């Protein structure tokens, strides 16, 4: 009985997505009927073909992948390196630096977006990948996350490696990072998904269709084809698909990342 | 192989906690020295200072003829086995054991040979291709030992390597460790808080208390001639009874005999020169029970612990705890009063600060 | 065990101080150059406008194009066309002889502080022997609006209507002494000498470790440099005022009689980035006054017998503080380096090595945070100081935006309740497939593309309202915000559920068992055991939820753009900030709004960080 209730709740939560998929197969005029149909009477894939061409899906996919991929690699490396220094090394200024970095979290994104935009503009990087990517390469959340992961990790293994003759560089790459693989994966997945859904910054720094990333392209499509809902739904499905795939493959990592930040998200 | 010398070693942690106080210690070449002390006494800190994992605040660490105080761990040619096996979970046992050799750039064929050698000695041949998560606790600790010995270091540091194992396995591995020590002839420093382990393994035992070295000696020396109250209390299961007392002459006997009054006990002693506050120690096996008023005083029975071969009787002698160890089962009831007798030849006297008297 | 010999240390310290001083002087030089160039471009534009104003159109027929200079050596194909002034209608182009006269007159203008050249087409007019412009350069000018070449500001000269580029004006400012001290030295040079001397004393005479003295000297250097930069900025404004005054006087003389009677509109066309108003007799020196609450640099201009006007301009020095961003670090680099060296001298090799390695690991993140976070944050703070806060406070849109954000955040308690209920249910049935299904169902909206979610819900709202003949929820000002809140509820419950679930999993099973043994009902267990143990998690989720809600942007940007208008019913804070930025490009206002939002967010962010810190310590 209660389990039925759970299933019912699950269906309610998923229903909007089902509707999205369903509408994406409808013809443009079908939605004008009353009552609005839940399922397409004559399913068509024309919307997908059109959306792929209009986004254009390949270009957008590539741009977003470049953005999310670079940022993912950048954030993982810088966060892991910084976290390693904070947890495993002793040096003057460690605690002060860490506190200062934490302090950076109090700056909301929008507060930084404007001066960063002016900076990127002054550098002549508007509408380029460097402009899109450079500001996102380091994440304080990422540093906190990796630091926390390393703190949880037993020291003994690294000490043993030190005695075995490993230098800090070897230690970092061959011992600490492999040991922290779950955390590294979680951070990578989180960074990737975060950038896939990044909207405000790409909106600010990109101008041309050539540089559009997923969310921006989807929003533009919404403006261009305001009346054609099935068409929009097809594009929405296309853009969401990679996210759901990542989530399906790495659900554990996604959950670990979400938990750490207390479900902090950009919206 | 090498000797180890610590000179005036002090360690103050970042928080300001002083873990070691001007510690001097000498470990001879090829010796197995046990560092014994309760938790928080600084044993592990000493090991980590020797290994170079902690920086020394003041003082010197000498391994062999070389002052290594400021050398990084890798340059000290020291191997360490930790409480946890500290194996790399992403590598197989074979790769784990091979890791230190690979770091040193030893040739492939050599590595294969030496890993196999170590594995054979530690009975690990069957599990070489497995990962640490897939083998038993004992095998994991053996693999850790294998990783430590494979590069033939001049010094082994063992930080409570057996404390996480169950009793049976612990005894088994203890024997293997001793055999290994004999076979390799290496210098070993073995840290434990378990004094049974210390007594059975150590050629010499160094007893630590609150960051200070209290006594160094053979197991017998440490047991028979404790250097102070802390050592006396710590060595033995249970440790020595230490009663707070007052020495004074009663003048009642013709020989002018003196008595220590401790709680409800008045223990006559043969020492003649001490008057005032002192502490008297006696091992539980030299405390006996007798009829009320027949001994040196009376005490209340608090707890009786029959262990089979012997029975431990916890007493309250006028507010002072006292343990008696009697052979076999004792017919004593909790809550009754009994007389206490002591072997006067087995008394240890300490001053109020804990230093031995006489 | 010290590894640095005292001598090496001393040399290093003195060297660091010298480098820091040189760097600071370098920044000063860059700033001075910057202002000199700014002046040159400005006066060049003014000169071009002056020429356009005073040069009459040619009498018909139009003047022949300037002869091109052939540059046909090597394999280069000769330029097919001489870059003559494009064929324009006679009224728009210039009378060439007259242009020549005007150009020559410029050179002899008394008191002018620059060399000037005027090109008609590519041909130089003032000094006939000067090199001509290349045609490419001329066509580039039209696109770039002017560029710098060999110490000369080159700006386009347009026709009389300001439409086509018919030539160029080049201004080469004569170098002027920048500093107030004898020999044209600024304060920064002696200050630099003092700073290096102070550092050397510390370095070579170990006993007089007056490190504080050197820090003081370095700060002095920063201040002195700033004074110099400010002076340069001021000078660039003053120089333009003086030179423009000469142009205005000249122009007043050359204007044809009918226009000379009321010259101000004509003259105002010359100074496009300044103002001209009728004025009083005044001194020849430039002054700084406040006009309508804004600081202006003014100078009085006598344009005829007893006829005075006042020339006004924005003073460049109000922008000068931004140079401090470069000056302060450069000057303080010395003391920092010395402190570092001092530390290195005292520290054993091993620790020094570890420190170096540690900073190596930290360097990428630190440098990035300094460049892309700390720097921009300081810049935003500076921008915010330029804003007119009273005007912001008077703007009803400001209040509306923050109020909308606050209202919008009210969905958070609801989503938290939903998340908690879901988490408890999922935890209870975590082993059963129905529990896992529910978990996935909650997670899906949270990880989905935000814009896709926005489109999807709009489709649902549309379908829902179509048949009712009513306006879409999102188009109705009374329901639009609520509609957005419903979407967010659906999205965010999933993330919050995950955090609760983790919290539930960290409660030892024995706690629940103990409650059951004590005879607690399910509800009692929840109230007395689960809820109290989840308190830190609940606190964290609430704070994070509110923080996220107050920063919501995407949904509004995609769906309503702040509408329905004119009520701005969904215009939330971040969207308002975004609009202010991209709409008005009012960076000061934008930063001020963002700063206000940041301060509000801090009320939630600070406790959130505390909770995280406590959790981290506990774990």
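Residue numbering begins at 1 within each chain, and the chains themselves are lettered A, B and C in the order written.
Everything below uses one rule, namely that a residue touches a chain if its C-beta (ideal position, glycine included) is under 8 Å from a C-beta of that chain, and two chains touch if they have at least 3 such contacts.
Keep in mind that this is a model prediction, so the values were computed, not measured.
The chain pair with more C-beta contacts between its two chains, of A-C and A-B, is A-C. Among the chains, the centre nearest to the mean of all shown protein C-alpha atoms is found for A.
The geometric centre of chain B is 67 Å away from that of chain C, both derived from CA atoms.
Spacing of chain A relative to chain C, judged by their CA centroids, is 27 angstrom. Here the spacing of chain A and chain B, counted between their Cα centres, is 54 Å.
Among the residues of chain C, those in touch with two or more other chains are 351. Taken residue by residue, chain A touches two or more other chains at 90, whereas all remaining positions touch fewer.
For chain B, the set of residues touching two or more other chains reads 55, 72. Only residues 55, 70-72 of chain B touch chain C when the two sit together in their complex. Chain C contributes residues 1, 348-351, 353 to its touches with chain B in the complex. Contacts from chain A toward chain B in the complex involve residues 90, 154, 156-157, 159-167, 170, 175, 178-179, 181.
Those residues of chain B that touch chain A in the shared complex are 14, 48, 51-53, 55, 72-74, 76, 78-80, 82-84, 86-90, 99-100, 103-104, 144, 147, 151. Every residue of chain C that touches chain A in the complex is listed here, in rising order: 343, 351, 354-355, 357-359, 361-362, 364-366, 368-369, 372-377, 379-380, 383, 422, 425-426, 429, 432, 434-435, 437-438, 440-452, 454-457, 459-460, 462-464, 466-467, 488, 490-492, 494-496, 498-499, 502, 540-541, 543-545, 547-548, 551-555, 557-558, 574, 577-578, 581-582, 587, 590-591, 594-595, 597-598, 601-602, 605-606, 608-609, 611-612, 616, 619.
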